[in-house]
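Contents: one structure, followed by commentary.
The chains carry the letters A, B, C, D and E, assigned in the order they are written, with residues numbered from 1 in each.
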Amino acid sequence: MMEDTRIGLYVCWCGTNIAKMVDVEQVAKELGDLPNVVLSKTYKYMCSDPGQDMIIQDIQENNLNRVVVAACSPRIHELTFRRALANAGLNPYMFQMANIREQVSWVHTDREEATKKAKSLIAGAISRVAYHEALEKRTVEIDPATLILGGGIAGMSAALEIADAGKQVYLVEKKAQLGGQLLQVDLTFPFMYSAQQLRQMIIEKVVQHPNIQVFNNQVVEEVNGYIGNFSTQIKNGKKKETELKFGNVIVATGLKAFDPQGIEAYAYGKFPNVITSLEFEKMLLKGKIQTKEGKVPKNIAIIHCVGSRNKDYHEYCSRTCCMTALKFANQLKSAIPDSNVYELYADMRSFGKGCEELYTKTSTKGVTFLMFDQQDKLPEVIKAGKNDGCEMLIQMDEKLSGEEVEIPADLIVLMVGMEAHEDAKKTGHSVGISLCGNSFYIEKHPKLDPVATTTDGVYIVGNCQGPKDIPDSICQAKAAAARILGTINKKQVEIEVTTAFANEELCCGCQTCVQVCPYTALSYEEEKNISVVNEALCKGCGTCGSACPCGAISSRHFTDKQILSQIEGLMEMILQEEISEN
Amino acid sequence: MSFNPKIVSFLCNWCSYTGADLAGTSRMKYASNIRIIRVMCSGRVEPTFVLKAFQQGADGVLICGCHPGDCHYHEGNYNCLRRFKLMQKFIDQMGIEKDRMKLKWISASEGKDFAKLVDQFTEEIREFGPCKVKEIVETLS
Amino acid sequence: MRYRVNPDLKLDLNRFGVKEDWQDCFHCGNCTAVCSLTEENILFPRRIIRNVQLGFKNKLVTDVDPWLCYYCGECSETCPREANPGELMMSFRRWLTIKYDWTGIARLFYKSLPAFLIAMIVVAIGIIVIGITKDFKAEAMMEFGHKFEKYVIYAVACLILLPNLLRMFWFVILKNKLKVPVFAYISNSLSLFVNLFTQKNYLKCEGDTFRWVEHLLIVIGYLGLLVITVFFNWFNTDSETVKWIGYIVGALVFIFTFDFVLKRSSKKRESSKFSHPSDWMFVVWLFLLGLTAFITRILVDAGAIENNLWVYFIHLIVIAQWGLLIVPFGKWTHFLYRAFAIYFSNLKQAALMK
Amino acid sequence: MGDKIGICFYDSGQGFSDYFNFKELYDYASGLPQVTKIWNTTELDLKSPEKINEQIKEVNPDKMILAGDFPGEIKNLFVSAMSLAGKKAENIELASFVEHAYLNGQSTEMAKVVLLCAIKGVDIRKVLVPDEVDVHPDTLVIGGGIAGIQASLEIANGGQKVFLLEKTGTIGGHMAMFDKTFPTLDCAACILTPKMVDVGQHSNIELITYAELKSISGVPGDYKVTIHKKARKVNLATCIGCGICSEKCPRVAPSEFDAGIAMRKAIYIPFPQAVPNKYLVDEANCTYFENGKCKVCVKLCPVPDCIDLDEKDTDVEITVGNIIVASGFKPFDAKRIERFGYGKFPNVLTSLEFERLINASGPTGGNITFRSQDKKGNWIFKDGSGTPSKIAVIHCIGSRDENYNKYCSKVCCMYSLKLAHLIKEKIPEADVFEYFIDMRAFGKGYEEFYERIKQENVHMIRGRTASIKEKDQKLELRSEDILNEKIIEQEVDMVVLAIGLEAAENSNELANMLGIPSSKEGWYNEVNYNSNPVNTSTGGISIAGLCQGPKDIPDTVAQASAAAARVLQSIIKGKIQKSIKDIKLTDVETSINQLMKK
Amino acid sequence: MAKTEAKPKLKLAVYWGAACGGCCVSVLDVHEKLFTVLEHADLVFWPIALDIKYKDVKAMPDGHIDLTLFNGAVRNSENEEMAKLLRKKTKVLVAYGSCAHMGGIPGLANFSSKEEIFSRVYEESESTINPDKIRPVPEFEVKEGILDIPVFYNDVRTLDQVVNVDYYLPGCPPQTERLVEVFLAIVTGAELPPAGSVIGALNKTQCDECERKQTEDKSISEFKRPIDIVDDGESCFLEQGVICMGPATRGGCDVRCIEGNAPCRGCYGPPDDIPDPGSKMLSAVGTIIKGNNESEINATVDTIDDPAGLFYRFSLPNSILRRKVL
């Protein structure tokens, strides 16, 4: 090493979060004696301003050239501290974090063991940081155009928000018509506003917008490139493929309705007058509420949570069905005033603006509410007897009365939940984003970054992130638009620095790496007989480095040396502890 | 003193490390024998690391990545799986019980599964007893 | 047993005074919990609201719980949905009254105010006709009146009240297939009488002692008046004691009923917010009953009854309407059903305990 | 042309006739050509489509317009009635007043526009397009909670200047007070503080704390805003945050950040991770302002002239093109419901107090203890005053209740479940009782969280607690256990009231100042519930977060970013739309006719 | 040829440890260049060629020898003793050939223990008749005194695991040309690379020089032994399913084996700074296994009979694990 390695070690208390389970003072004291460690301190909240100021000051006063902070998960504060290093004039990558909260103090119960574990993790970090190299930030230009996948309300709203700022938008819709799920809705809950008006207006605006190019009946197979510089091939009408270039991608592919055929108890497909909420919505759009036989139904039952909140189908709540069901009940009572409407529900989730009020109103209109257990005992639809005076009967355990009851029904509406499209995974892969357990796209942070994804420049909005209603979808769409407009406004964005790097001197040109890279960041250069890395495409996974047989490729910030020395550092500390114990 | 297994673990940043963090934020308790090393992708895990861990005295090595098909980098976890299988065969030849290394898929939401996995793996390694690699290497040099 | 949901019941129930507020109930359980009369197996009003909402007529008719409520109004006051459970209970008691009544006359009267008014007029005319036959002689009239009272009491008790009570017993005990230990019938009979006269459960309604006292005084007054007039022939007695007791009980009746009338008109209290015609009839007629009796006796004492016979005549009409219509088919039965409900409820508990 | 048009007026009876003069609208409509017949729903039997059909048949209109506050409510009735006459559903058009015309209180004029558009068959959204004017590139964000922080960062990261105005001494808002956030249970501070630090350090953000909006003038795109800066009495630039002043300060007052369950000094930092991390003097509780003596802080402060107790409030004026309102909410005052004994029984807490109690950074270091009195008689929480073993959480306090707030506060179910989990974590053997009506676990991962809490042996009771009584130091809760059909009288040691959310204090004042409409409850209204959930009818002003209505953190963040989108859009374009609310009927009549010709 | 008296001649030694003798032969392979060598150097010790006893070496002053080419691994106490002796007497000690460098073929003995080897060799092997199970013993008393033979160690070690090594000259055996180049470099006083370097070899791996056609498609669903394929003589061995250590083995041998249509076995060892000689290749081979599902992968892995032997054919003692755990 050219210069002395001078490491500063900081152990965070995190209030009592860490200090309660880890003897931070002891840790700091003992590890302060490790080679290259020139100072070692503890502080209540390292992430706080004073905590960071302390690091900055120490770097400047003690010529530290490397810093280790033992605190929470690097996923939370690595950036914070890197920034502090940068503020102190040190390269931000001369930093390593030891996760002694999420992976020590919060998961262990023996203080001594936890302290030991913390020590070894920090020792690993200290050992590793000595091999860190300065990495420089780089930026790429942002192509001001945006690609939006999905022409539902979310996709269209995002498109308009961006296009209105004068920027180009490519809107790709799988179906022949824009509008998505909104196409099937007559009125929106809770205020019974016209969805038709809303839809017509937005579609017209989108179609006529000079900055929006709509591709109907199209699916994007693969998106290449990286933030600021994506491209894809797309068929323009029936013409041949054209290449689109764009700087950001918004995925707004929505969800689809659950197919209730799998729930035997509801006899969907068996009885013609058991219909899904979508089919009922169509009926409302047409304006005629009637049974398959063409009669006006007298008894209408609406069953909630179909395919939702049940381990056998989907565990999650589909969020909008309760309100849609209340809307239906109101529409029914309005259209057929003397009908009997029954709502079979599990929990009434009327939580939005004006929603609880709609629930009250629905009750006042004389709709009968019956509660069932959506987990253990679903209501059962059976054929009614001759004397029942109706076509079907629903048998259920009614929780609020504690009785077994039967409900006469001429028409049964199943409030089907929402679930991911079959091709969600494929679409996700084409733009490089992943799914969570329920096949919704996973956001960068469930709370503080609900529209961004772990892939820079790719955003998820609307239902494809999880079920939601129209205003929430629009909010998300606009939120993504904000981020994109921000980057467009700044014209450039910083890109990944921890990419792979191919050493020309070592590469033998075997091309093993080329095959491995999922981002085509590696290519073979015949003239020199070597592989080269396009660092703008590289996302830094490091698989190529592991595949390289000759050690020519290294993953910046995750080099063999760094990881091996981390292993060494932490194992040595464990053994040292063991020896001192025996 | 009773045998306290030493386990080195490589976790991918996106699913498994996050899953481990989730176990933490959810305060799920698990055995403290594990030492986690973060890599960006399980595809980064090289046999060298595993060998190094054993050489340095680890009794078991746990590798976790995203579930098949969920890899943040599309296929890194498959690469890991392939290497892992070959690696297992190799260490078996080298006289190290092949189950001293384990590859499991842990997603970002599976904090609970992670905690369970650690406990279980720790017990499995405890059954195996100490790994002798370090001892051998030390007597040799 | 599987019950059929039948939302039509509400159409039926609407006639008994309640507004459809109870439809708003979202079953938070507040009313049941806030009620100080609810116990382990005695859950109302929510359970009853639920059964009404779902239209379980058969179940409802066998339910004794509604009678246990004294309508303190706290449930309605604190109801988060303003579903007015207290008033539903009240209306529901009216509904039960007609269900117990074997004659069907109560049903007619409750549902149709005109029918009731016609009946009242008919009774009044009847008395007038009798008055004509008696030439409006004070002595004859009073003698008739005295006998009339006696016979009406016996007749109403035997022909209407007793069969109705038996029907109630049939509904709430036999129909529920409760196996009541024989001993329980006896052991609880004392409390039946206590309750009958004191309505002491009223006291459990927190903070409403005054209302109970009022209620108790009216009961004392009313029963006293009944006994004193019917069995001690108050109007004609010479006993000073009887005379003064009569004054006191008579005064109790009309003074406190007057207060009731005032309260009902002011609608300040939760229990007075909604009034069914039967409520008005009950308090007003009781008031008139007390007042006319009181004045009649004053007139007797003053020796002016002969010249003011119309007072007694009105009293007689009131008595007749009261005895023939309000007692057997009107709100008066509450008095009886309430006390017996407690008795039956105790029997039920005993059966369930077993 | 020459189609016959029938109109039916409908008032849903929610009090909107105060804003829309139906009489005037009736008269206006009857003066319009083609309008053949006007009904009022009060004259119609809304229970009988047949009868309505009869009445419609007489006139036989080609198009039927339903006009009113929420005309969608009767749409299906008319669809039924019209279909009896063989007419199609498309022939019915809604003239929805609240949706389009409830923009600034007295809205009859705008309702006429709505009505006219419906008659002419023109989409109102095309008509209500204000002219564009130049925009000043700076933005004012009102409120430094998570919504304000997010919106500010979004704009600042887009390269534009932001003034972030915060009423209290630090940004962070309510979120900073929370312990963990549902359903992932990451700690609120852990995820929020980096953002706060970001705001504090951002070169594009000018943080104005301890200040309030005083007045506003100007037009969209060019607002002159006067900000009243309360005297902090500590120099922001020179304070080093050493804390000596606070340490020696003789006076204490309930800590706002700790929701009043612990005390702080009269000179204080709201909380350790506050941004800016500088002290401030609470004039109301300072000895100096009572008798002109003390000044201990001034004497001890190591930085010369840093503390100036005689500093006076000042006003500053700034010019901005856009404003984002993120003024947040206020928690429901649990004292209003006497039955629960809050304020009377020391161990009945609000959920906000409990958040602080259970928070590792709270006064007890996260230990759940009983409330006790300090030497001066203040009821506070401090470590070591006993551990409760039975804790009840009661949902829907002040929410879903006609007597208080009708609406659902959206977050209480989930935060109550979270609290249950946290209690179980701190005191594993504790019995936790959750009293709820409907469990509203609706968001991503919420239902799964609910299932998890159920697995943790938390007692879930469907049934609202009616009252709390104190019995021998214990609290007795009476409620109906609906699913198990029994009355339960549960003795517990501590009760947490899951209080709902209400519009912020002075929310109406602010709304009036900015000219944005708000609902009866004080929540700010968006320009259009469905199509435009962040903009308001005043040009250049957007709303974000809780000030628009209760919502959880992800929705708040999304909305805040969405508000930023409009701002960035206008800046990129250099143009901003004027206020929709200022559009007059006379202005748009011609454009409506033009649009119709097309 | 004019004599240049200016410089004294270099003193040169060649020794073999556990080796096959091939390395010594490779030194002989200098052929006519021997004269050039002798012009500049005196051979002071070379058991295979000269009769100089150990005691003679011991008698030399320390640092007397300028250059020692030590070939062969350290298998027994004699190897170790000589390695230490020569280290003491030599200025520049070169680990010559794969065995000294990485353990070489004798290093494969690290898959077994001494006991296993002895029982195989002295008892079980097909050509052995040893009913009394007589085994060699390090010391044996005879009339004349004590006879001793070197102690056979349990493990094979590389030269640098016993003594400090200045340079490594890899190969099994090393290319003689490389030796001459190195020798001449020393003689001419050219600047020597830093101590510890590998000399006489390239840092790029074999593929760089390999003439065979390579593509990026290396997905393999079945690995084969060389005898199982009909080599087309043109395409990359790996792509034909034969594990060729070429990609992970430093060049310098002029791709001798591959030129001869045999896959590289890796005698030259990995390039600089690779922590383990076999694991990189193991990783690369693992990577190119075809398919994503486990059973497919398992089937392919099964076609690699002896990964340890393949990837560590010449380098087991030099690997991270050093030997099999027994």
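The rule we apply is simple: contacts are C-beta pairs under 8 Å (C-beta built on N, C-alpha and C of every residue); 3 or more make two chains touch, one makes a residue touch a chain.
Model, not experiment: these values are computed from the prediction.
Asks: Out of curiosity, which chains are bumping into both subunit D and subunit E?
Replies: A, B
Asks: Quick check on this structure: which chain has its C-alpha centroid closest to the centroid of all protein C-alpha atoms?
Replies: If one averages C-alpha positions chain by chain, the most central is A.
Asks: Could you compare the number of C-beta pairs in contact for B-E with that for A-B and name the larger?
Replies: The greater number of contacts lies at A-B.
Asks: At what distance in angstrom does the C-alpha mean of subunit D lie from that of subunit A?
Replies: Each chain reduced to its C-alpha mean, subunit A and subunit D end up 25 Å apart.
Asks: Mind checking the centre-to-centre distance between subunit A and subunit E? Centres are C-alpha means, answer in whole Å.
Replies: 54
Asks: Return the distance between the CA-based centres of subunit C and subunit D, expressed in whole Å.
Replies: The computed centroid separation for subunit C versus subunit D comes out at 51 Å.
Asks: How many angstrom between the C-alpha centroids of subunit E and subunit C?
Replies: That pair's centroid distance is 114 Å.
Asks: Two or more other chains in contact with one residue: find those residues in subunit B.
Replies: Answer for subunit B, listing residues that touch two or more other chains: 25, 27, 46, 48, 52, 75, 79, 83, 109.
Asks: Return the residues of subunit E touching two or more other chains; collapse runs of consecutive numbers into ranges.
Replies: 275, 280, 283, 287 - these are the residues of subunit E that touch more than one other chain.
Asks: Counting only residues that touch at least two other chains, what does the list for subunit C look like?
Replies: 26-27, 47, 81
Asks: All pairs of touching chains?
Replies: A-B, A-C, A-D, A-E, B-D, B-E, C-D
Asks: How about subunit A: which of its residues touch subunit E in the complex?
Replies: Residues of subunit A touching subunit E: 505-512, 514-516, 524, 529, 543, 546-551, 560, 564.
Asks: Okay, in this complex, where on subunit D does subunit C touch?
Replies: Residues 339, 396, 400-403, 437-438, 462-467, 478-482, 485-487 of subunit D touch subunit C in their complex.
Asks: Which of the residues in subunit D end up touching subunit A in this complex?
Replies: Touching subunit A: residues 46-49, 70-77, 79-80, 82-83, 88-89, 94, 96, 98-99, 123-126, 146, 150, 154-155, 157-160, 181, 184, 186-187, 190-195, 197, 200-201, 241, 272-273, 275, 277, 360-361, 365-366, 400, 406-408, 410, 438-448, 451, 462, 482-483, 485, 523, 526, 529-534, 548-550, 553-555, 557-566, 568-573 of subunit D.
Asks: So in the complex, which bits of subunit B are touching subunit E?
Replies: 46-48, 51-52, 54-55, 68, 75, 78-79, 81-87, 89-90, 93-96, 131-133, 136-137, 140-141
Asks: Can you list the subunit A residues touching subunit C in their complex?
Replies: Subunit A reaches subunit C through residues 340, 342, 348, 359-360, 363-366, 368-371, 395, 398, 400-401, 403-408.
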